[in-house]
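Have a look at these structures, which come just after this line.
Consider the two complexes below, in which subunit A is the common component and subunit B and subunit C are the respective partners.
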Partner chain A sequence: MVNSPSQRTVIGQRLRRPDAPDKVKGTALYIEDLDFAGSLWGGVLRSPHAHARIRKLDTARARGVPGVRAVITAKEIPGRNVIPMVQSDWPVLAQDFVRHVGEGVAVVAADTREALAEGLAAVQVEYEPLPALLDMEEALAAGEVMARYKVRRGEASVALTRSDLIVVEGTYQTPYQEHAYIEPNGMIAAPDGTGGVVVHGSMQCPFYVQKGVASALGLDLNRVRIVQTVTGGGFGGKEDAPSAPGAHAALLAMATGRPVRLILTREEDMAVMSKRHPARVQVKLGATRHGHLIAAEIDYLLDGGAYATLSPVVLFRGTVHACGPYRVPNVKVESRVVRTHKVPCGAFRGFGEPQVVFAFEAALDELAERLGQDPLVLRLKNALQIGDETITGHRLSESVGFREVLEQVAAASDWKRKREEYARERGTVRRGVGLAACYYGVGLGAMGKHLNPAGANVVVAGDGSVTVAVGTTEIGQGMVTVLTQIAAESLGCPPDAVRVMEADTSRVPDSGPTVASRTTVMSGNAIRDAAAKIRAAMEPVIADSGLPWREAVALCVQKQIGLAAHGWAVPPATTFDLATGQGEAYVCYSFSANVVEVEVDTETGETRVKGVWSGHDVGRVVNPTLGEGQVEGGVVQGLGYALTEEHALRDGRILNDQFSTYIIPTPLDVPEIKSVLVESPFPWGPYGAKGLGETPIIAVAPAVVAAIHHAARIRLYTLPATPERVWDAIRALPPPGEAASG
Partner chain B sequence: MLRLPPFRFLVPKTSREAASMLADHGPDAMVVAGGTDLYPNMKRRQFEPKVLVSLRGIADTRGITANGGLRLGAMATLSAVAAHADVIARWPAVAKAAGLVSSPPLRNAGTIGGNLCVDTRCTYYNQTEFWRASIGYCMKKDGHICLVAPGSDKCWALSSSDTAPVMIALGAEVTLVGPKGERRIPVPQLFGRDGIAYLAKRPEEILTDIHVPDRAGWSMTYRKLRRRGSIDFPILGVAAAIQRDAGGIVTDARIVLGAVHTHPVEATDAQEFLKGKRLDAETIEMAAGIAYKPARPLDNADLSYAWRKRMARIEVGRALRELAGLPTGDLPPVVA
Partner chain C sequence: MKCPVTITVNGSAHARDVEPRLLLAHFLRETLGLTGTNLGCDTSQCGSCTVLLDGAAVKSCTVLAVQADGCQVTTVEGLAKDGKLHPLQDAFWEKHGLQCGFCTPGMLMNAVDLLKRNPKPTEAEIRHGIDGNLCRCTGYQNIVASIAHAATQMAGGK
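Take a look at the complex of A and B:
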């Protein structure tokens, strides 16, 4: 039967992902598994200094090393020496100055790994070390501000002086976070024989890499073909950053006329590729004695590192989400991202929200305690509902499932009983439960509108098989499966007839970047648009024939009906005023809340997470298995952020650039995670779907820290909650007897 | 990925032959057992041997025999030691320590002899070549100064063996085979007093066997503090073994701390303090307060040294409570 698009059969099913068997068996071919005949080894000479002037850069000796085929520095770049991102400040290779440890100074291609190592060592660089700005507060004082935003709503400063308000205040610090994708960045570039270049690699956004490579080589975009290989995770780390290795490999391939493989080691990737921004957040939050939020003042500072990459956009998202999914009538947010001589920070799942949400939710937890209210009750009292306005004055008219999310995670976790029971614990090891919430504007929003439209090409072959081409990518999240379901649903064909193409810029349209939890909504809608055109062409022929799909297609072929279409999706128009921070920051929002249960060893400060109940209003669940996968993966990453992950630096050098010292949770360290998926449909989204990629990570750390407070009575203002921080805070408590009970 | 540099791989048939090969090649050669510590160190160029002398071709080096005492062939894997019924029954601290090293795949490859001889560790040493070069190297490899304690004339890299503290606590000995003969020494004599020369054996000597005496009537345990219950190197190890008479009076006590110094540290004052006493809560508390004092952690491992030192007191207390049958009051282990 050809299903009418209204008869839903595929959406909501646990369709198996086609890439699973290869990935499970180890037969999927990642970039390092690929072999190009005659390929050279490429590598990057990197700065040992955080900040220095390059006095001399001599490549003559390196060029003379046997087996070395090319040595390229800034002055040999044929195009522009800049990676095009938000600001044009990020060089492909350092010119005159180096501004962070690990910055690329020269690239070398050689016949063998040994010759490459020798060639890199033979490049002579004379540095004049310069004073380095390594602290974000010092950078702020020095005026090194990359971008700033604000939100002005009501009269926050005045309101906070009201004598009837309970006001809490705190300064919160959050660390670097590493993406820890299973596969480091890597590219293999080869000349295409007609003056252009083909670059294969691990990435999220082939069209970003295309821009970066074309700009460095001085080529038109249609001379640069980017092919995404099976990609071992991105999490934002393969959004902006891969343009650098892409350009490096392409420069070497064009200079040598041969394929060049440039694949970073894990240690190199951790040392030089982008990370989540460290942050300092000051929060002042006031509520009435009944628990109605009245005013918030937030000062949000991010450490951007040496170059802007996507930092301004990251800051924008954090700024407009600074007060979480709550009604707050008076708000003043000041935010800045500053330039330091450290590794550039960039896109990371959550994109500027985890830092500020940690601070706001921690302050809210403290406020609940001061008010003597259950943290759940306080949140329910202030939860955004349909008809409410966000802090940017965006009136929400649809798809707000926040109350349901809160109520369902509370019920699933047995919140009320545990809150009461655990508060009475007195042993060395004490249990606690904590709650935190967030919301997330889906898509690129006010700061990235021009990148937000998505294209899709859908072609139905004569045998009824369907090829779907989109420019967003499968990065492990399950995009291919979800888009297969959407294509099948909107065409009315069986899902096994659909093939979603690998992302190759010569074969797929630009659908915008695979970021911002936008792929299901944007590529999904582009596919629906194309499918609707094909359906419209088919309808006159098949009418009410009741023919199965493949026979219906055969009939259309007989009748000379063209069954291919280009789909295009542009989100509903929004307006935003940067001067006041007021307007529709995003077209719609996903909502989330987590309950986390912990045990804290009060003698050592060690925390063990016993359970996580993670709730998300996703509009509509396209594939429950993949939805749960997103939740579980995001929560695990959030638990690492909460408890163990951070980078220590010495003189701008990252001290822990290996998985033995950068501590992420292993499967044994992760408790059972219960996903609670709530459906509050977003009418414009495909079948009501919103985004789910990022909400799972955002409100985990504040829930962990709230649970630690419930267990051990301590407030933590700095992430991660390491044993020593917990232990220090416990030691600082008043001795038993003097402590407040409960 | 980081890759191994080229090297020659020799597979001698006897321990004596292996020792001769090491002697012949001098500082160019290193011995390899399971390779779980050696190969990553080679990838980071902390070790740069031209020749590796493998112990895998030598017959009868994996045996575990328990007749009265326990003999562990140095090539017995940590998994085999941890799972051996006699070891679990009669020397449970040995099984526990071996079972707490790293992760299952590494315990399947890593050996008990290798863990005893595992390289010392330091934040500034366990780094890639690029990293160490960028900061000018440290004295343990290629450099002249200590980056943890500038001005120090010795290296402070930490002993990071889980099994060494247990072996010392149980009074174990090791057999060392050289080109011309063999000798047997108590385990404490295997270790030097410096993070660089952390092994006191001669470079050409090969550790072939570990001999643990019968400890019937003793109670023993090993506790390990680390970031993840699933995998990490110790940031503190506590081995404790207690012998008590029929009346419950302590007749002998051994407490050995790991990962707090360049070598395992015996808490001799606490041991003496415990002798002649009953192992009650108050005595344990006092013993723990004495035992943690010789710990000398520096700012060269995960988490702060002040916290690690204080944890030595907590963990010694818990180890002794465990032996006394008192509740330890801590989190259950991640790896059961």
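Take a look at the complex of A and C:
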């Protein structure tokens, strides 16, 4: 039957992933699995210095290596030597100067891996090393500020001097985090035979790669076709960063007239691709004795690395979310991202929130202790509700499920009992529970409006099968499944009639990036728009015939009805004033809270996570299985951020560039994650859905650190909470019997 | 210098002359074109390249093709029989044991070995069994559930 809206049932179902059979059979084609006839091996010669002048760059010897087909440096780039992102500072290849270890200096294409290695080694570069800025505070002192934002609300500085307030203060440090997708970045570029280029690759944002390639080659966008291959994880790491290997491969393909495969090794990927920004956050937070938040002052500093890529937008998101999902009437936020001679940091799940949320939530936990209040009670007391304003003065008129999220995770985790019981533990291994929360503006918001719209092309074939093309990407998160459900629901066809295609820039207009938890909402709405047009064309023919879908389509075909449509989604207009940081930063917000239970061995400093209860208001759950999957994966990535993940650098070089030295959670490091999905519908979202991709990672680390405090009475101000840091903090505690401070 | 090897992969014998340094992973992917076995690192940490060598799970980036001479190798492509998914493959689909899918072939092959040695593993035994395989998407929860589900299905007979 062609379902009428009241009968529709696909939304909310646990539809199995349509892309799973190929993934379990080994027939899914990742970039490294593609084989183009006559293809060459491409590689990048990278800077060994954090900062240096290139005195000489001689490629003659490299060009003479047998099997080498092309050597390209900045001066051979036919277009602009810029990868367009927020600022135009990111070169395709270094020109005159190198500004971070691993920056590309030359690219080489060769017949074999061996000839490529020989060719790269034969490029002669003479560097004059220059002093390098490697510390973000020094960069700030030197005035190397890439971008700055502020939020001004009320009179925070004055309010914090009030004698009736309890005020806590702290400085928090957070580390680099590696995306650690299991498939490294890779691209294969091939001339298209008509003067243009086709680039296949692992990526989140085909339209970013398209702009990068077109800029480097000096081609119109319609000469650059980007096709996303099955992508082995992204997490933001395949948002901005892939534009570089995409441009490198395309340059070599156009220079040689041959397909060129450029696949990064794991070490190369970890050493040179983007990461989560290290941060320093100062928080001063005051509340009344009853626990009403009155004022907050936050100074937020990010280490952007050598080029801006997406740093300004990352900083903006962190800035406007700096005080979490709470009512705070007086707020002053100062934020800056600084330029250093290190690998450019970029997008990473959470996008500037995990750092500042760690700091704010840790301060809130300390405030609860000073007030003698349960951290849950303190949060409930200040939780944003409908009618409240965020710190940017955005009045929330709908879809605020934060209280329910807090109450449900507390109930599911048995919070109250554990909080009381574990506080009495005195053994060597002690248990603790901690709580933290966050909210996340869905979509691109005030700083990304020009990228906000998304398109969909929906074509119904004569046999009733449906082809859906969108510009956002499946990166493992389950987009294909969710959009299949939305297409089936909005067309009234069975889900198995729908095929959602891989993203290809030639199929739809620029639909922005696959980021910011926007895919379900934006591509979903574009599909609904297209489906509504197709349904409108079908209705006069099928009327109340009650025909099954495929027969209804056959009848429409017979009547020469066009069953294809383009859908376009543009989010509701918002206004924002950068001078004051006031306005509607995003169209709506997803809310989240986590309870984490740990055991801390007070003799070794080791923390074991025993349970996580992770709650999320997602508007409407399109597919609970996929929703829970996002939560489980995001929480575990957050546990890595909390406990083990960090980079060590020497002279700007990342020392731990392998999975043996950069430690992500294994199956033995993590407990079962209990997901709690709350539905507080967002009327503009498809069937009420908001985004869920990112909230799961954001408020994990502060919950872990709060649980460690509950167990071991120590406050940690630096992530990750390694056994060494925990042990040091325990050793620094005053002996039992003496009054503990803070 | 090339060495002659005969390696039986998914039931078919392949005789080739290979460089002594050629990894089994590259032999499978590049010499035979079996690209289901994925490579996520070159340091035997991630486990994506896990295959069965004479029935035992090995990371094929740590084995030279010449070491597999005369051996039986099973890759992910060899799991389904007559178009029917192996119970583990079906379980990973049914229980959402994958997201991006890149680690999946290695997880599956390791799980085949695990269930052969221990047909009724506890959750803890499953977690120990797949500890050499990294996944960044799922948090492992549904991978563990998938393997437990497959064990139940396999114990129930055909």
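By our rule, the second predicted complex is superposed on the first by the 734 of 742 C-alpha atoms of A that agree within 3 Å, B and C clash if a C-alpha of one lies under 4 Å from a C-alpha of the other, contacts with A are read in each partner's own complex, and residues count from 1 in each chain.
Here is the rule we go by: a contact is a pair of C-beta atoms (placed from the backbone, for glycine too) under 8 Å apart; a residue touches a chain by one contact, two chains touch by 3 or more.
Remember, it's a predicted structure, so these values are computed and weren't measured experimentally.
Asks: Going by the contact rule set out at the top, does A:R266 touch subunit B (first), subunit C (second), both, or neither?
Replies: both
Asks: Looking at A:E603, would you say it contacts subunit B, subunit C, both, or neither? Reply first, second, both or neither.
Replies: Only subunit B is touched by A:E603; subunit C is not.
Asks: Taking the superposition as given, does A:R223 touch the first partner, subunit B, the second, subunit C, both, or neither?
Replies: neither
Asks: Report for A:K449: first if it touches subunit B alone, second if subunit C alone, otherwise both or neither.
Replies: neither
Asks: For A:R653, using the defined touch cut-off, is the partner it touches subunit B, subunit C, both, or neither? Pick first, second, both or neither.
Replies: A:R653 sits against subunit B, while subunit C stays out of touch.
Asks: Determine, for the superposed model, which of the two partners subunit B and subunit C contacts more residues of subunit A.
Replies: Of subunit B and subunit C, C contacts more residues of subunit A.
Asks: With both complexes superposed on chain A, which partner does A:R507 reach: first (subunit B), second (subunit C), both or neither?
Replies: neither
Asks: With both complexes superposed on chain A, which partner does A:T27 reach: first (subunit B), second (subunit C), both or neither?
Replies: The second partner, subunit C, only.
Asks: In the superposed arrangement, does A:G476 touch subunit B (first), subunit C (second), both or neither?
Replies: It touches subunit C, and subunit B stays clear.
Asks: Who does A:L668 touch here: subunit B (first), subunit C (second), both, or neither?
Replies: After superposition on chain A, A:L668 lies in contact with both partners, subunit B and subunit C.
Asks: Both subunit B and subunit C touch subunit A; at which residues?
Replies: Dual-contact residues (subunit A): 32, 265-267, 658, 660, 665-668.
Asks: Show me the residue ranges of subunit A that touch subunit C in the complex, using the header's touch definition.
Replies: 16-17, 19-30, 32-33, 35, 179-184, 230-235, 265-267, 475-478, 625-626, 629, 632-637, 658-660, 664-668, 670, 672-673
Asks: Which residues of subunit C touch subunit A in their complex?
Replies: Of all residues in subunit C, those touching subunit A are 29, 33-43, 45-46, 48, 75-77, 79-80, 85, 89-90, 92-94, 96, 98-105, 108, 126-128, 130-131, 133-144.
Asks: Contact residues on subunit B for subunit A in the complex?
Replies: 1-3, 103, 123, 126-128, 130-131, 133-135, 225, 227-233, 302-304, 306-307, 310-311, 314, 329-331, 334-335
Asks: Considering the complex alone, what residue numbers of subunit A touch subunit B?
Replies: Going by the criterion above, the answer is residues 32, 46, 48-49, 101, 113, 265-268, 271, 427-429, 599, 601, 603-606, 608, 644, 650-651, 653, 655, 657-658, 660-661, 663, 665-669, 722-724, 727-728.
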